[in-house]
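Listed after this line are the structures, all set down as structure tokens.
The same subunit A turns up in both complexes below, where it pairs with subunit B and then with subunit C.
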Partner chain A sequence: MKSSQRLAKEYSKIQKSDNEFNISIDSNNILNWKAILKGPDETPFKNGNFEISIKCTDQYPMKPPKVFFNTPIFHPNIHFKTGEVCLDVLKANWSPAWDIFAICRAISLLLSHPEPDSPLNCDAGNMLRAKDEMAYFSMGEMYTQMFAIKENSDKK
Partner chain B sequence: MNNFSNLKLFPLLIPEDQTLTKFSGFIQIYNKSFNFRISMKNPQKISTAKIQCNKELENLLIDSKEIISKRLKESENLNSFLLEFSQIIQQKIEPVLRNEINTSFQPKNPIYFQFLFDEINEIGWEKIQLIDENLSKIQINLKDSKNRTIPIFAQIPPEFPFAKPIIEAPFPVSFENDEEMEEENQQNTRNEKITKNQNYKGSFQKVINKITREFDKYQDLWDNLDDFDSNTCVIEPENPTLLEPSRKILFGKHCSIQIVFNIKFPRSVPSIKFFGSDPIILPLKELLKKDINKWDPKNLVRKNLEEILKIEFPKKTSSSLNDFGPECGICFGYQNDGKSPDIFCSNIQCARPFHNSCLYLYLKFQSSDEFGTIYGKCPYCSHEIQTTKPIDFQEKKQD
Partner chain C sequence: MEPVNPMLIFKQMDEIKDEIKSKQPLVGSIENLINISQEYKETNPIFEKRIIELSKEFPKVQRMRADGNCFYRGFFYALFLFLIQSNDKDSLTYFQKKFAFFRTKLEKRYGEFIMEMFCDSIDDVLLSIEQKTLDEEKLLDLFNEQMTSESIVAYARFLTSTYISENQSTFSFYVPMGMTVSEYCKQNIEPMEQEADHPEIFSLSSALLDESTGLAIQKIDGKVNENYQTLIFPNQDSNPKFNLLYRPGHYDILFK
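Let's look at the complex of A and B:
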């Protein structure tokens, strides 16, 4: 109950703002949210639209929500197949001070600032650790082209 | 022949034969009647009786079978049992009936509408703010000499005009409006058939006049309340009216101050309670203690407070509420089970408010509590924060 009440408050606040991440509630369950992140400039994800799903439990905000990428993405901290995200604030460093909007912003930042030392995608991590920017960019851009741009244009 | 006395109290219950061991018929509770049959082997031994009843009654009594068999054993004769029995039904049916009254429109005596209409005509339709769909609750807005609106409520019983309406003037003090109403009521019952020209005349108006006469006594209090409502950011009560003699107002960083007015002497020192982070609140408490003798009863309470505390209360603007709102930093709500946030981060830069229960629940995930106190870090600034286990904390929340 408490979690829904808080999420409802967050939602009304997001609706009042300009909602830059296109955050919406998924399928009539206020615990499940969706957002669309735009690939930041100067990253392999530029021009891509990445859909993420945010699943809260009834222990929210005491426990962090689970965040997954629905759109495949080639990023060291995001699992390519499952879409799992490795982000400290979604794990040990969680605090109720975070909200859905802040999570979206944190993930958006993660896209432009990958942490290759705790990789979920070893290939991407290794490329960055070897400082092979060219490989990282070309792989990233290819997958962005394949999933994040094409998918979007299909929908349109 | 004892059994025949049943017939007086339960006229719809008829013996089936001359042995007087079997009775069938109806039992009437309020406006409902239930088909029901009772049979005994021996008219003297009520404990052997068996009861059959219709579905409706059976459903109603489904969980009172034990009581009924107990009453059967205890009762001396059929009559005393039936009295007990009807009482059991009565208890069971009351909540059901109450629901029905709430959900369905009950046809009323035409005289009800006639009198109500006359009453309202006398009060004046322009004063009626709201009439509910059953025509049983009316909100009347009264004006005082300064054109302030004071709502009062009239609850009209279905038996009106034979039963008196209940006037709720949720005033700081209660009114003795009963005397007059009582008189009216007695008159009404005496002359069972009243016509509107004779005995029944504008009891609403009388009560309203009486209440309006009292308004002058509260002018000073209302001046003060008005002053707070228009010049400060009131967070409690949520929709402040002139009827609540207290105000909780927001000032500065997540801090608030609760003022409960002295109704008789509104300009005297009210009871004051601070809510907020200690480093902000403690100096204010000191100031108040030190300079309380500077309180000038000629001034408005707000002016006195502002002068003594050397602060200016912010006006109600959305930005002040958003940035330094009084809401709990964890559940983002203000009221939680009727409680407002009562724990504040002692870091003066942060000063976030939290509900005791929210903070306890969160800290419990981080560390264990020691002797009822739990230590942890503020979710916002990581400053050390501590709380105690709320008295009414529900253990199941942790599962």
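Let's look at the complex of A and C:
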């Protein structure tokens, strides 16, 4: 089975579900996916909608896809400028038992469970390591407001 | 201490892997074991001597790519080769039943949809062995085809992980302190490129093999005992039908 066949199956399965992450595929390239993650309650990302892109290669699911945040986010394990995500299951702990839906769930979980000891955003990491929750929340909420809530308020 | 940028470490690891990839096929052609002994001539005369000794019983070797999957890939390649060469209907039926049994188990554990491509890759090989459309040459081609080869390795990993999880009392001894069996499987067995060690070998052999079809590992290490050491799986009384060579951190297939 090729990557594209496997991904086509995944997509048709997602379409039959409630598709909680609003997952969509690039109509020109089945290897490229997008999803919208809702900022979990009790995080600085609450009420935000964060778009991520998931780029698979022809070696999927043997090799993990690359995941980027298109919406800027202030989180220790997500690069503020490039949107790169540092998550063990997308690197050394990746296993072919994972699928795109499970990735979305894992990243959603990362939003409420940051790992400040392996930071891609040192400022966010340092705030958490110094246990300065107030600073972490106010910075995070500010950026959520700036980048992740804008679209919604425009519509209303 | 400032934390190290984790992306930099991953990048360096990828570069090392790419270098190995460019130099070695997933499964090599059969060659003389003596070739390997010569590689140790300058660096490790004890290994050289032991491999020369081993080559008297096993003159040929087939090398696996050193990518952390060598045990799993070698195990399945050697098993399929045994089924092709022995042309033994009973053995084939035995393994078809085993794999059908595990297909149901794996589908239950990981989801039918996730397991499909991995279980299919095994069933396809068994079917073409049954129909006699797969010979040694085609098996080698198949195992050098990236996606098929990796699917078979992934299958081997899921089977190993499932067997260990179902026999926790036997294996909990091997799991490092502070780690659950489930965490161990998720970090050390299921991810590709994680090397197999004794518990993984014991688990995969116990899942698939029995007294009449065993696996022998000819082990070469730097320990003081004079020669190579023979370990037989799933237990010492099993009748080995295929042989692997173990050198620290690596497995290849041996032939008489």
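The definition used in the following text is that the second predicted complex is superposed on the first by the 148 of 156 C-alpha atoms of A that agree within 3 Å, B and C clash if a C-alpha of one lies under 4 Å from a C-alpha of the other, contacts with A are read in each partner's own complex, and residues count from 1 in each chain.
One rule holds in what follows: a contact is a pair of C-beta atoms (placed from the backbone, for glycine too) under 8 Å apart; a residue touches a chain by one contact, two chains touch by 3 or more.
Everything numeric here is computed off the predicted structure, so don't read it as measured data.
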| item | value |
| --- | --- |
| Simultaneous placement of subunit C and subunit B on subunit A, clash or fit | clash |
| Subunit B versus subunit C as contact partner of A:D117, first or second or both or neither | second |
| Partner chain in contact with A:P96 - subunit B first, subunit C second, else both or neither | both |
| Which of subunit B and subunit C A:G125 touches, first, second, both or neither | second |
| Residue contacts with subunit A in the superposition, subunit B compared against subunit C | C |
| Subunit B versus subunit C as contact partner of A:C86, first or second or both or neither | second |
| Touching partner for A:K9 - first (subunit B), second (subunit C), both, neither | both |
| Partner chain(s) touched by A:M62 [first = subunit B, second = subunit C, both, neither] | both |
| On subunit A, positions contacted by subunit B and by subunit C | 2, 6, 9-10, 61-63, 95-97, 99 |
| Subunit A residues within the subunit B interface of the complex | 2, 5-6, 9-10, 61-63, 95-97, 99 |
| Subunit A partner contacts - residues on subunit C that touch it in the complex | 3, 5-7, 10, 13, 110, 113-114, 116-118, 120-121, 146-147, 150-151, 154, 157-158, 186-187, 190-192 |
| In the complex, subunit B residues that touch subunit A | 329-333, 336, 358, 361-362, 365, 379-380 |
| Subunit A - residues contacting subunit C, complex | 1-3, 6, 9-10, 13, 59, 61-63, 84, 86, 91-97, 99, 117-120, 125 |
